[in-house]
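Think of it as A, B, C, D, E and F in the order they're written, each chain with its own count starting at 1.
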Amino acid sequence: MFLPLLFTIFLLSSSSSAHASALDFCVADPSLPDGPAGYSCKKPAKVTVDDFVYHGLGIPGNTSNLIKAAVTVAFAPTFPGVNGLGISIARLDLAVDGVVPLHTHPGGSEILYVLEGTICAGFISSSANTVYFKTLYKGDVMVFPQGLLHFQFNSGKTLAVAIVSFSSPTPGLQITDFALFANNLPSEIVEKVTFLDDAQVKKLKGVLGGTG
Amino acid sequence: MFLPLLFTIFLLSSSSSAHASALDFCVADPSLPDGPAGYSCKKPAKVTVDDFVYHGLGIPGNTSNLIKAAVTVAFAPTFPGVNGLGISIARLDLAVDGVVPLHTHPGGSEILYVLEGTICAGFISSSANTVYFKTLYKGDVMVFPQGLLHFQFNSGKTLAVAIVSFSSPTPGLQITDFALFANNLPSEIVEKVTFLDDAQVKKLKGVLGGTG
Amino acid sequence: MFLPLLFTIFLLSSSSSAHASALDFCVADPSLPDGPAGYSCKKPAKVTVDDFVYHGLGIPGNTSNLIKAAVTVAFAPTFPGVNGLGISIARLDLAVDGVVPLHTHPGGSEILYVLEGTICAGFISSSANTVYFKTLYKGDVMVFPQGLLHFQFNSGKTLAVAIVSFSSPTPGLQITDFALFANNLPSEIVEKVTFLDDAQVKKLKGVLGGTG
Amino acid sequence: MFLPLLFTIFLLSSSSSAHASALDFCVADPSLPDGPAGYSCKKPAKVTVDDFVYHGLGIPGNTSNLIKAAVTVAFAPTFPGVNGLGISIARLDLAVDGVVPLHTHPGGSEILYVLEGTICAGFISSSANTVYFKTLYKGDVMVFPQGLLHFQFNSGKTLAVAIVSFSSPTPGLQITDFALFANNLPSEIVEKVTFLDDAQVKKLKGVLGGTG
Amino acid sequence: MFLPLLFTIFLLSSSSSAHASALDFCVADPSLPDGPAGYSCKKPAKVTVDDFVYHGLGIPGNTSNLIKAAVTVAFAPTFPGVNGLGISIARLDLAVDGVVPLHTHPGGSEILYVLEGTICAGFISSSANTVYFKTLYKGDVMVFPQGLLHFQFNSGKTLAVAIVSFSSPTPGLQITDFALFANNLPSEIVEKVTFLDDAQVKKLKGVLGGTG
Amino acid sequence: MFLPLLFTIFLLSSSSSAHASALDFCVADPSLPDGPAGYSCKKPAKVTVDDFVYHGLGIPGNTSNLIKAAVTVAFAPTFPGVNGLGISIARLDLAVDGVVPLHTHPGGSEILYVLEGTICAGFISSSANTVYFKTLYKGDVMVFPQGLLHFQFNSGKTLAVAIVSFSSPTPGLQITDFALFANNLPSEIVEKVTFLDDAQVKKLKGVLGGTG
């Protein structure tokens, strides 16, 4: 049978294509420099299917904390296969009374699918500060546009779980309270830029471990 | 109390900001022309929270068909809130022996989360035709890079369900078999460009309703 | 002289180029539908130089308000020439003790140039909530990365003025306080997602005109 | 045979996919508004294969003009199928002594393939004004990075022909001489911004039909 | 003459511009790490005009193979000057009865120009599986939208040659038959995801060198 | 007080988020390789607020040169904080009779704000070579679309100063005269591609230090 040989010839004559298509994907290698578009790529020869598979999201997060919530993320570089692909995923566990406080994702939009329980979720537009919020039940989906303040909390009487995806491998997560109260931004500046009372600011700095 | 008045003045002096930020989101209005970046935007005043919420994915798809599978999608414009946001979502139901045949999404990458059951999923790189496939269990995640051929099938003994998200509001879905056998592309062309035997092509055209 | 005639022939033979290059720019026509990439384009024949020129930023904004500040913006569509160009501009006036409260621009990065006075400006990263802030003097520049919480306030004893540019014709402006307190988001939800005390929330709702 | 029926059920259950994938392509409909991302899309039902095929480039352009050259372009919307696809094409005919004068394409990079003859082509970087130029023969390829000044002229003794492609459906074409001398930009401004002598400017305005 | 000196002063005062515009282009240096946006850049001082010129496409490809076709590509990094520029090029030789089998380019759209002979070319949309195909003659152009299955074959009685350009420096090339039959994807999986008969799969695996 | 501890638990459970959001910004580290999307990122731990602040634009540029103008730029990597952010800034000083000669920015659009004096500014479209120019006074803004030829000159009787921002951290600056006359591009090629007279070309090469 001479056909395989002939195909080999064809393949050789287009061999530079093989090099070019090294960019089918770019599995993150965090040991190399990163740039504005993401992490450098692992050498294709070292890539395995396990770079594209993530196991951590089947396990409930630990909600034994103040907010009774856990966000378990599969972003680059922890999940190296998503690097450069414009997508990532996370799991959200909300115990009864659990809440994901007001936050933004600076780098991407979010889509949420309710796996279990009842979640009240909403976002606020920057135009006229309109609020869009809704109680979501198992199987419901809600989308949160890029960069806008949003929140989710358990509005039912049982555990709530959701799967959330993002339009970026590194969407970021900026929780407003943590940004204000969990660092060393001086209280007087916090008060100046939020109009919050001094007592309120100091109380929350105390809770969240902030100083200044 | 005079403060609200003063804020109103502030708001008026920055009133063009409100117009500008009309582009926080662009809920699809399919009655208007669409363009390369997506659908035209619904007037902000007519947007409601229901534009950002989708209810259809909680319902199992009907798998009483040849492939014993159903893909239920929430893409723009059916789910108008995702228009322009770089994300969308779908539900995959795979009965025992169900399969999502070999396919691509021309417009985006995919991330899959297994809700129930056992799924064997894989993709093929264009470089050297390397295959990456894996058996996935409840809670596992797999990512499929943009434009590459991939597949999913139930490799367990119970119903399997997955939630899949895409890095585009309109990722498209091109099932190779449907592209080849479910239309009027003449059999002789199909055979020429696939090296399939005439009998094989005619058999599958018969199954899939193709002519020519 | 026969040369002009010959050039005319050349121009005719490449006449479709003229149509194509209609997309040199896309001056916003807000009377037509907008889409995810911006406003529809005004017909080139109706475009004049005044579409690319904006006069409003030479005039000090009115800072006789609670925050003693004014932001005067030249975004699309108020400044139609920037539509589609990835840039826009605004003027910031800060009276003594004036402040631009904590805010984000969901759609772009910002660069600030101090025209007069002394401004303390800062932003907070989403990674580890690190704060980057600095006192800026006349002629200093500071850049604020896309989507991150930031603020500016007058830290001197005279009026401060800045020119700020954005990497988007419609960057948006989401002031955290307005998002929380200037709308009808119920107080109990505000409290749940911010951990603020009820009295604090009601006080600020009162100031900013919020209800619920 | 019951299989086609079952497939139909499958197809119906995923019917919103069909809507979504309307954005496989966006054939230009210039009768509708255009936007920053390109022309509005023709309704898919009216699209035919002829929207994706262009016949005009097989015909030599008329080089009986001053520059002894012709550029025949297939850009959107003249070639409606390329709208939104990031690519377009043109044909370049250079009679003996023919020249495509110094120019830029504001919207894209260019790649040139020599079909016949000998062409001297070059571009100038903005960094240090380095010139990169080379004599190209039949079968040679040269790439011109986006936005940089470049030129091509026949450096042989026979007709030269090239096919050029662009990384945009509407790359634009700005010939420096035409920008300076083929319009009503006052001579004194032309001289001020180019340092050209008054006689030189007036001579070229005469040749190219400029006024002022 | 003192003018050159004065210009030098001007140039020095804007010297950081020179550094900045190092990004006029980014010639690939494959010895450095690559990332999602492409290869790292060669130091500008080492760049020569030959990085932007490619000589290989003037030579007919070897069509003495099963498919009687050859695709000779000039993609990054083989053609380092196209890195980062959104464009690349290839040559297609089709002997009589030659065929480029059904394939996609995951990373870009394609535009084809017929240099010689007669080519039947087509693509299949993901929406409703509509086929768009046409016989193309010398000088005809056809565009193939990103990510869609397409094919080309010689439909004349003489050699056919085409030049094809892509909207990416690394468009990739995924030939469906090679993806299915030229690797170690187990036959039972191939059959499951394609509905092809076992004999057909084994026959083509034999021809294309696949195992399993 | 046990709350901080509980929050710490929450923070640990989402610790991969912290890694992911390393891409909030990408401060340029020019000692590492650069790529098509910009410079590699400095390690976040080494980033300080001074990476985001630039002091050089408060100082008037030296206009004691032929063009009586100075452009002082804050582009990446000189201003490392803008890397990857889609924005940069510069200062323009125009003494009486000063001029920024005809030029383009290959990589971005520009927006200009007049700080002092009177500036005549304009750009030329590639479609029909239409000129858009206007005299601008203190406080006026003008936008120049990407890649189009434009100019600015002092049209008043006092010093003029402007702040200009760009939609790219590395917009580039290609002054047409420098591209033609300040390098070793042979005079005969300059003349061929511009139609300028030999004497004119040699005069300007003399002024600008060109050879050949």
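Basically, a contact is a pair of C-beta atoms (placed from the backbone, for glycine too) under 8 Å apart; a residue touches a chain by one contact, two chains touch by 3 or more.
Fair warning: this is a prediction, and the values are worked out from it, not measured in the lab.
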Given chain C and chain D, the chains that contact each of them: B, F
Any chain in contact with chain A as well as chain E: B, F
Most remote chain, CA-based centroid, reference being chain A: D
Superposing rotation of chain C relative to chain F, computed on C-alpha atoms, to nearest 5°: 180
Distance between the centres, which are taken as Cα means, of chain E and chain C, whole angstrom: 41
Centre distance in Å when chain B and chain D are each reduced to the mean of their C-alpha atoms: 34
Shared-contact residues (touching 2 or more other chains) in chain F: 17, 19, 21-22, 24, 33-38, 74, 88, 106-107, 122, 126-128, 133, 145-146, 148, 172-174, 182, 207
Chains grouped in pairs wherever the two touch, ordered by label: A-B, A-C, A-E, A-F, B-C, B-D, B-E, C-D, C-F, D-E, D-F, E-F
Residues of chain A defined as touching chain B within the complex: 17-19, 21-22, 24-25, 44, 47-50, 52-55, 57-59, 74, 79, 81-82, 85-89, 108-111, 113-115, 122-123, 125-128, 132-134, 136-148, 163, 165-167
Complex contacts: residues of chain B adjacent to chain D: 30, 33-38, 61-62, 64-67, 69-78, 88, 106-107, 169-174, 182, 206-209
Of all residues in chain F, those that touch chain A in their complex: 1, 3-4, 6-10, 13-14, 16-17, 19-24, 26, 29, 32-41, 83-84
In the complex with chain A, residue positions of chain C that touch it: 99-102, 104-107, 120, 122, 124, 126-131, 133, 145-149, 151, 153, 172-174, 176-180, 182-185, 189, 192-197, 200, 203-204, 207
